[in-house]
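Structure, as structure tokens:
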Amino acid sequence: MAVKHEQLGLSDEDVLLMYEKMLLARKIDERLWLLNRAGKIPFVVSCQGQEAAQVGAAMALDTEIDYVLPYYRDVGIVLSFGMTCEELMLFSFARAGDPNSGGRQMPGHFGQKKNRIVTSSSPVTTQVPHAVGIALAAKMEKKDFVTLVTFGEGSSNQGDFHEGLNFAGVHNLPVIFLCENNQYAISVPLDKQLACERVSDRAAGYGMPGITVDGNDPLAVYEAVKQAADRARDGEGPSLIETTFYRFTPHSSDDDDSTYRSKEEVEEAKKNDPLRTFASYLKDAQILTEENENAMNKKITEVIDEATDAAEQAPYADPSSIYKYVYAEKDGDN
Amino acid sequence: MAVLSYIQAVTEALKEEMKRDDKVFILGEDVGPKGGVFRATDGLYEEFGEERVLDTPLAESAIAGVGIGAAMYGMRPVAEMQFADFIMPAVNQIISEAAKTRYRSNNDWNCPITIRAPYGGGVHGALYHSQSIEAMFANVPGLKIVMPSTPYDVKGLLKASIRDEDPVLFLEHKKAYRLVKGEVPDEEYTLPIGKADVKKEGNDVTVISYGLCLHLALQAAEKLEKEGFSVHVLDLRTVYPLDKEAIEEAASKTGKVLLITEDNKEGSVMGEVAAIIAERCLFDLDAPVQRLAGPDVPAMPYAPPLEKEFMIDLDTIESAIRDLAEF
Amino acid sequence: MAVKHEQLGLSDEDVLLMYEKMLLARKIDERLWLLNRAGKIPFVVSCQGQEAAQVGAAMALDTEIDYVLPYYRDVGIVLSFGMTCEELMLFSFARAGDPNSGGRQMPGHFGQKKNRIVTSSSPVTTQVPHAVGIALAAKMEKKDFVTLVTFGEGSSNQGDFHEGLNFAGVHNLPVIFLCENNQYAISVPLDKQLACERVSDRAAGYGMPGITVDGNDPLAVYEAVKQAADRARDGEGPSLIETTFYRFTPHSSDDDDSTYRSKEEVEEAKKNDPLRTFASYLKDAQILTEENENAMNKKITEVIDEATDAAEQAPYADPSSIYKYVYAEKDGDN
Amino acid sequence: MAVLSYIQAVTEALKEEMKRDDKVFILGEDVGPKGGVFRATDGLYEEFGEERVLDTPLAESAIAGVGIGAAMYGMRPVAEMQFADFIMPAVNQIISEAAKTRYRSNNDWNCPITIRAPYGGGVHGALYHSQSIEAMFANVPGLKIVMPSTPYDVKGLLKASIRDEDPVLFLEHKKAYRLVKGEVPDEEYTLPIGKADVKKEGNDVTVISYGLCLHLALQAAEKLEKEGFSVHVLDLRTVYPLDKEAIEEAASKTGKVLLITEDNKEGSVMGEVAAIIAERCLFDLDAPVQRLAGPDVPAMPYAPPLEKEFMIDLDTIESAIRDLAEF
């Protein structure tokens, strides 16, 4: 059974690393909820349930050259692209040292130029045309990087999805559109969002391949994104990939999901928790052992503890800083 | 008279209008079983059913555009934009379509849609959940923009908006939702759109404001009253088209005017208010027309000290009024 | 050969009427160009080449109850829905008596409430969500009218297309989306507008049937629209129909198409002129005879002559009227 | 010095910047082989090829959004909106994205895009091909709005916009395209964004305007000069953020101010200009601040007599100046 990753050309270390990133994302997220409930941070928006898709996708890219436009749940992606746990904590605590925004934006609005994580906003789906623009730049500048952009299934109903994918299709651009379909857009379930069966059914309307893969399986996602990235680098244009899974948490720390879905439904979905199923895979293959699992857990806990402490003690930006960076500063600051 | 919160007044108005007129229905994101992210439509799905409290796909241009089509047909849609910041994708539908329906058809068609949206800051909403967006629509003939400050005004003006034969943008301050409470008559009433309201009579300084800031102005006025300054407070209530006569009257009364908005200063609706004053009652003025507003930065940041720096506070208002009084 | 219309349940009189409407639309359009070249009207935007699709579609509807949201080329549709030739002339001359706008809008921006022709604007594709809203009203009010909305293939790239069709799909609404694909959006050819082969390929993404029919054949369009209307009335929801043909004129009287397409291409396309091919069909079936054709031409010329004269002599609206109808007039004028 | 038309100045500026910097490219509807519906990009497709003069699908939010992405990467896109009226679908991209890129990322990212759009009326364009749209963007910190009146300003400011590190909305009056001609230096130059320009010195009355109206103001000033009235004319050139010092100086100079815009009056950028004056130099004023503007109706109708009724004409301006001078 455990030959799948080998068929994909992934070593045992690769898949262990994959699991570790998924686990780190999950554990950071869990910590954020604790901090929120303790009144230390005002807001959390979660990746829980989506880690396999995020890490699987990111690992299929070249994190040294590729561009990524994550959406607010993509802790797994930004970790893979080089954002550190401490940086994420600084973000959640809204400290000056937050590399995404210096404490200006709500958590989840990622952006870090040195890691080619493109700055993002709250209105959903605006990042889709941006990704197309970056891919257009790649084509014009004859660079061979690929651009990956993610968004939820609800967000695929925005006009910018349509306009962005069509533009990429017409100009045959090296961009991957990755939908993270977690079955809900806040309280609205899939069948009230889309009339088609799969988000990937839309790809045909933009002349690009579209597939749906099991987002609980990081290897399936890896495979799909790798193929799409290869196609893109070979000048064969864009792809739409839909990954499916279930949102384990309420929409955010401001949401009470009991008004629109049952506890049973959530519990049922958790049976397919990608962390659990991928851990089994790795255990079956004897890649994940009691020993390295314990070490991994210990290390992650330490990293998160330290990051939390550091962030909690870090200062806010000076209030007078709010007047800065509306435009380029005249005296060479940019 | 019952005491309602600002958001309860919204819900009551919606409920009464839906009962009164079968053609009234609600559409928006999460307005159904969840009752809206702020719970403004709480209980309405249960009472009126899925067809009249419609959870839409996540697409604001469609929410506005489908509502506009239904309104042209003769329905009375009340569309909710989840946050005012997210009205931007619907701008084309609102400005090119709703606002111009009557004019372009030479009065053959009209578009009686109400578009509700929570705006404003001070709720840790950061750059994209805190904005004031009225100015971008306050140059659009054919549209009306209502921004009430009290539960009484909310209820009377929302009912009037739903009954209005033309499109109304109804902006609710999200921090006021639970913070602001007030008496609301038990009997049915509506209030006239387009009319400002004197919230406090006074003789020394005129403060003109709307929305949440209006309450800060009133608080400052109360305090200063004790120091012997008499402050006149005008609530615009409708920020487009403006009640020019009321502005002229309020400004002329004291000759000293302070305009307060939470919006970024440059290009806010208070620019127009100042222009009306400079045009109509310049010689009644005893001091320059002062404006207090948000700074000209994109929006308020998330970190609490940064958010605080953006927001106008009571002290600033107090001293601005005092300065004017002593001018 | 000429049994096709019978199979569709259309009588000889029906198809003759169909042809007459197509011809009337064409002749009006030709007259408008003459008037434009003579400096009598400032602007023309044409239906030439699209008459078969327009008239075929309109005749498949119930013009007594159905709603239509035409786009600027739809002379064939508005004529079928009851707008008169004289009214169209008043529109082109921008006279007070123009029922669409009283001379306020440029020609082509149709709207006439009594005939359920919904008022329209210039920004393309905004009418698509409106049609969905009207169909939603039909469903809510349990009325069995159908709503038809048209748009060009270039316009199918706007976000409003996507958002509108998806909304209709999710709520299963009685609306027909009819794309008039004339191969160009001003100067931009189809392959620079869409990456998919057919606009109808997009229907699957909204969970509705999508077909492409020969827009030069009014019977094929009639058949497709009739089926879609029946489905809609039976509660089976929306349809997307693409009709294909070629735009014979420049985009509008302001356009010079020689900068982007050859005369040869246009001439080649004119071989499939629907007026010519449908006339042959009718002649083969001995429905159109020399006699009734001459009578028809004569009648049309008279109608257009009279309409032109009447419109030319009609007054403009009073300049002071521009202040009216921004809002409902207080004193009961609306 | 060559004499260029307003639109030739646009084309020249584009061409020079594309030659100077490989990163500059054009995207929009019909900008390629056709050279734009107004022919502003005439010849550029032939000179720079398909990749740098890109015909896009008919979708304004994508034109802006794809341009924004490319700009974030480091390109210098010049996006064309075919008519300013059709910028509405792109509002979300412009306001939420381009204008906030730098601020929200705390200066990590920026967005050097230029968005060009022909605006304005008097060309039989009717309701949707005649509008002035600057006011809806003139409350958006992070954005700059340039509206030149002369070929000289067009060329220098468009080049500066393309080189600017932040997003610029560059609005060109479509009636000026072929009507307005002027001298343009042969040598390379740019002009500073954010600076108003005194187009004529004078002492009796100050007229502040921009775009096509500026020319009417100058014509009126010339005529009145002969009657002995000395008119000072300030061209805003950048309408957001405004050049507050220049406005203060120009208003204070004569104490009598006339503001002219083609836009609908209420909520136009002239409201803000009046507010700045009322705030900064009230006691220098000898007359109420007057505004001439379009009426508050959705836009100008198509029928020639109706369009004429909407537009401000020379006579109206002349008599407004005369009235002020004699006030």
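Should a chain be cited, it is by its letter among A, B, C and D, assigned in written order, with residues numbered from 1 in that chain.
The definition used in the following text is that a contact is a pair of C-beta atoms (placed from the backbone, for glycine too) under 8 Å apart; a residue touches a chain by one contact, two chains touch by 3 or more.
Since we're looking at a predicted model, the values are computed, not measured.
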* Far-end chain from chain D, centres as C-alpha averages -> A
* **More contacts between chains, B-C or C-D** => B-C
* Structure fact -> dist(centroid_CA(chain C), centroid_CA(chain D)) in Å evaluates to 37
* Asked: Once you find the CA centre of chain B and the CA centre of chain D, what distance in Å lies between them?
  -> 30
* Asked: When the C-alpha atoms of chain B and chain C are each averaged to a single point, how far apart are the two points in Å?
  -> 41
* Asked: How many angstrom between the C-alpha centroids of chain C and chain A?
  -> 46
* **Per-residue overlap in chain C, given as positions that touch at least 2 other chains** => 101, 104-105, 109, 121-123, 157-160, 162-163, 166, 170, 192-194, 326
* Asked: Residue numbers in chain B touching 2 or more other chains?
  -> 57, 59, 61-62, 85, 88-89, 92, 96, 100, 103-104, 127-128, 141-142, 296-298
* Interfacial residue positions of chain A with respect to chain B in the complex -> 42-43, 94-95, 101, 103-106, 109, 121-124, 154-155, 157-160, 185-188, 192-194, 254-255, 259-260, 316-317, 319-323, 326
* **chain D partner contacts - residues on chain A that touch it in the complex** => 67, 98-102, 104-105, 109, 111-113, 118-119, 121-123, 126, 128-137, 139-141, 159-160, 162-164, 166-167, 170-171, 324-329, 333-334
* Along chain B, where are the residues that touch chain A in the complex? -> 29-30, 32-35, 37, 55, 57-62, 85-86, 88-89, 124-129, 295-298, 300-306, 308-310
* Interface residues, chain D side, partner chain B - complex -> 61, 85, 88-89, 91-92, 95-96, 99-100, 103-104, 127-128, 135-142, 240-242, 263-264, 266-275, 277-280, 282-283, 285, 287-291, 296-299
* Asked: Hey, which residues of chain C end up touching chain A in the complex?
  -> 157-163, 166, 168-170, 172, 191-197, 201-202, 204-208
